[in-house]
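Each chain gets a letter, A, B and C, in the order it is written, and its residues are counted from 1.
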Amino acid sequence: MFGESVRQLMAINALLALSIYLTLACGQLSLANAAFMGIGAYLGAVLTLNAGWPFWAVIVAAVIVPMLVAVLVGLPSLRLRGVFLAIATLGLGEVLRVVIVNLRATGGAEGISSIPVKTHDWHLALALAVALYLTWRLRGSRMGYAFEAIREDETVARTMGINTTRYKLIAFVLSAALAGLAGVLKAHLFRAITPGDYGFVQAVDILTFAVVGGSASFLGPALGAVLLTALPELLRSNVLRDVVNFEAGWQTLFLNGVILLLVILFLPNGLVSLFTRQWRRPTPLASEPATVEAT
Amino acid sequence: MPDINWSQQLLNGLFAGSAYALFAVGYTLIFGVLDILNLAHQAIYMLGAFCALVLVTGNVAGLGPLPGGMQLPFWLATLLAMLVAGLLGILLDRLAFAPLRKRPDTHFSGMISSIAVALIFEALATWLFLPQRSQFPAGTIRPGAVTLGQGALSYSRVLVIVAALVLVVLLTVLLRFTKLGKAIRAVAENPKAARLLGINVEAIYSFSFFLSSALGGAAGIFYGLAVSRLDPTMGRSVELKGLAVIILGGMGSVPGAVLGGYLLGLTEVLSVALTNTSNYRDAIAFVLLFLILVLRPSGLLGARRVREA
Amino acid sequence: MTLLRVEGLTRRFGGVVAVDDVSFTVGAGEIVGLIGPNGAGKTTVINLLTGLLRPSSGQIEFNGARLDSLTPHRIARAGVARTYQNIRLFRGLSALDNVIVGTHLRTRASFAARLAFAPAVRREEAEARETARALLARVNLGQREAARATSLPYGEQRRLEIARALAAQPELLLLDEPAAGMNPAEMDVLIALIRSLRDEGQTILLIEHNMQVVMGVCDRIVVLNFGRKIAEGTPAEISRDKDVITAYLGEEE
């Protein structure tokens, strides 16, 4: 029912949504996913074009390097409370953008076009399967319980022997891996990348997938990504074409805003909560600042 | 060492710093009073600018002339647009923040709903004013420039500096010396205690949003006039730098936001002058942001705890 | 044998000295009561013992090793578990899942092994689940496994928190006002639970206001007032102590 490129984009966006799910599952509102995606995309493009690496090696590099950056950035910033982590990670994205604009290899503000198409559908299917498997096996695992504890109450988690710093870092690093993977696959699919593709707008889009779908389980973000990717297509379909002109762009923006607002106001656990057990809501979106006055 | 025109750099730095400071005081006010990050502040900034433009030109790009064809002088348009921006702020609070106040994760959900409202505002502006740039008509303000040594700054840019000074002084007087200001500070300190003292906390929230948004609108108007460029995404670039500014100064601190604004403006200008390239100018804010968060998270003048001890 | 030794423990908040030069010990297998009027500094002592607050001065020794500069999770690993005066259960999780989180320190399976469906992981998870079930039964919540933690009545939430703490098999259990808000019937269940823990040799530091509970289960009692230790002794000695009666009991009865 959807064109090929829409289906491919759904898979990429689902990967990104699962990437942010990993940090949200651990109570961390990180907005660094777009930046990690950009690192994966640019590194991949340069390795393919300038170094002639085989695609599998490019993918490995585009997954591992964001993980290393995540360790470096995560160690100091994961101690930040509440929205301050979101702010710090947004800043990371901006620094990355400026660096990319100024490096010679990355083609400046114009970006890199003419990246060879190397991503095939089976790459996407495999990547998505791996990501879904990872997030599915998380629930019920020792680490998954630790994540849930941190998300619910970080202070209590610490007094129960959970090394919260370690688990938050693991979540951040795994999240970076998935984002890097999405970045490199997308770059080798749609061929052109620019620094602006990995900024605030992309970061907010990824967050929107997770919030609209619901971040209480891994299915929510994936569902959110698929639905929101399909939405502009659905609106362009024949039925509606005569009613409103969804080519203009502002309507999509408007609708995204309205959907996000309605979901956050009326469905705090996202669209999936319509289908899940009632009492599971409301799961906090991310952990509120830890409190010391542990009375 | 390149030959640097220091007085020009100083003027440029003051201009940029004033623009940042004016944007940031409203931004930080809301954080101080409600402890939330209002990511729709940038959209109000943008709408304020467009609102003034409509009042000055009597025309809405996407729809055509206003009925009656009325065109207001700039100063009156500015005051009215600030009023409209303030009212939009109250609307924003009612729409995005008030319903979430009781939620356990109110900081996060509030931040996200403010993003949603920003998207809606931006979409509406794109529809009304078209995606391309607009500008205030020539002659809105007298052409010409103020000179200082070898430097010169156009009147429209000087206006940004003056407006920032005047509005920041007015805000400070209001917060320090009026009954309303004392109530705002009491609510910022401790809403529960303020309620026990008989302060109508919800009304203070609404008024804080009005104040913050009116200032944000003014920032958009004067900046849009100074750079003769208005477009529906004009708020986005200043939004992230504004974040850096209020973190630098200390979240919730109005003097901190002013100090942070000028510090960032001058640092940026200085870096451009010294390195002779503007390539990395836009990264400075975020490197500062990151360093401050990691090293001195309460900011230069803030006292708020932002991370676990 | 002394399990916990607190020496000259002091904690200031600005000008307030919440805990002022307090020393006491808890022997292995003992149940020690920590009592005192509201604001006496009892909860602050527990926060210091669990590493959520750092002492301004003084020492905390546990099993012969210093605890006072360790992070909370290391202290927990050393064998200290607690409950909270304002119940802090994981609100979104079921009763059983709350207790399973408590087994964190008693399990070790890696996520990688779980991805590979290693049989050892499955075994360990089944064991953790069984342990948690047994603990729920132990605190009379056997029928409540699937209930959302915060949907339980107050007294049951308090017992659930105790079960969660016990899941770590701590050497020292810190209970912060476990009877607060309980009705008499719930209190009887609680007293029976604490007694049965004592019979198994569990060491407990018990903060409690309710004299029936304190006098009924404690071997020894430490009394705080305005952050200072004003008395220490057996329940019988404490109930005769003049200072205690004026500072505390007099106020209550």
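Here, a contact is a pair of C-beta atoms (placed from the backbone, for glycine too) under 8 Å apart; a residue touches a chain by one contact, two chains touch by 3 or more.
All figures in this text were calculated on a predicted structure; none of them were measured in a lab.
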Centre-most chain [mean C-alpha coordinates]: A
Query: Is the number of contacting C-beta pairs greater for A-C or for A-B?
result: A-B
Message: Just the number, please: Cα centre separation of chain B and chain C in whole Å.
response: 49
Statement: Note: chain C sits from chain A at a C-alpha centroid distance in Å of 40
- line: When centres are defined as mean Cα positions, the distance from chain A to chain B in whole Å is 29
- prompt: Residue numbers in chain A touching 2 or more other chains?
  reply: 282, 284, 292
Where chain B touches two or more other chains at once, by residue number: 104, 309
Query: For chain C, what residues touch not just one other chain but two or more?
result: 91
Interfacial residue positions of chain C with respect to chain A in the complex: 43, 46-47, 50-53, 71-73, 75-77, 81-82, 84-86, 88, 90-93, 97, 100-102, 104-105, 107-109, 111, 114-115, 121, 125, 148, 151, 164-165, 168, 176
Query: Considering the complex alone, what residue numbers of chain B touch chain A?
result: 37, 95-96, 99-100, 103-105, 107-109, 111-113, 115-120, 122-124, 126-127, 131, 236, 239-240, 243-244, 247, 279-280, 282-283, 285-287, 289-290, 293-294, 297, 305-309
- prompt: Which part of chain A faces chain B closely enough to touch in the complex?
  reply: 29, 76-77, 79-84, 86-88, 90-92, 94-95, 98-99, 101-102, 200-201, 204, 207-208, 211, 248-251, 253-254, 256-258, 260-261, 264-265, 268, 282, 284-286, 288-290, 292
- prompt: Quick one: in the complex, what on chain A touches chain C?
  reply: 133-134, 137-138, 140-143, 145-146, 148-149, 152-153, 155-164, 216, 279-284, 292-295
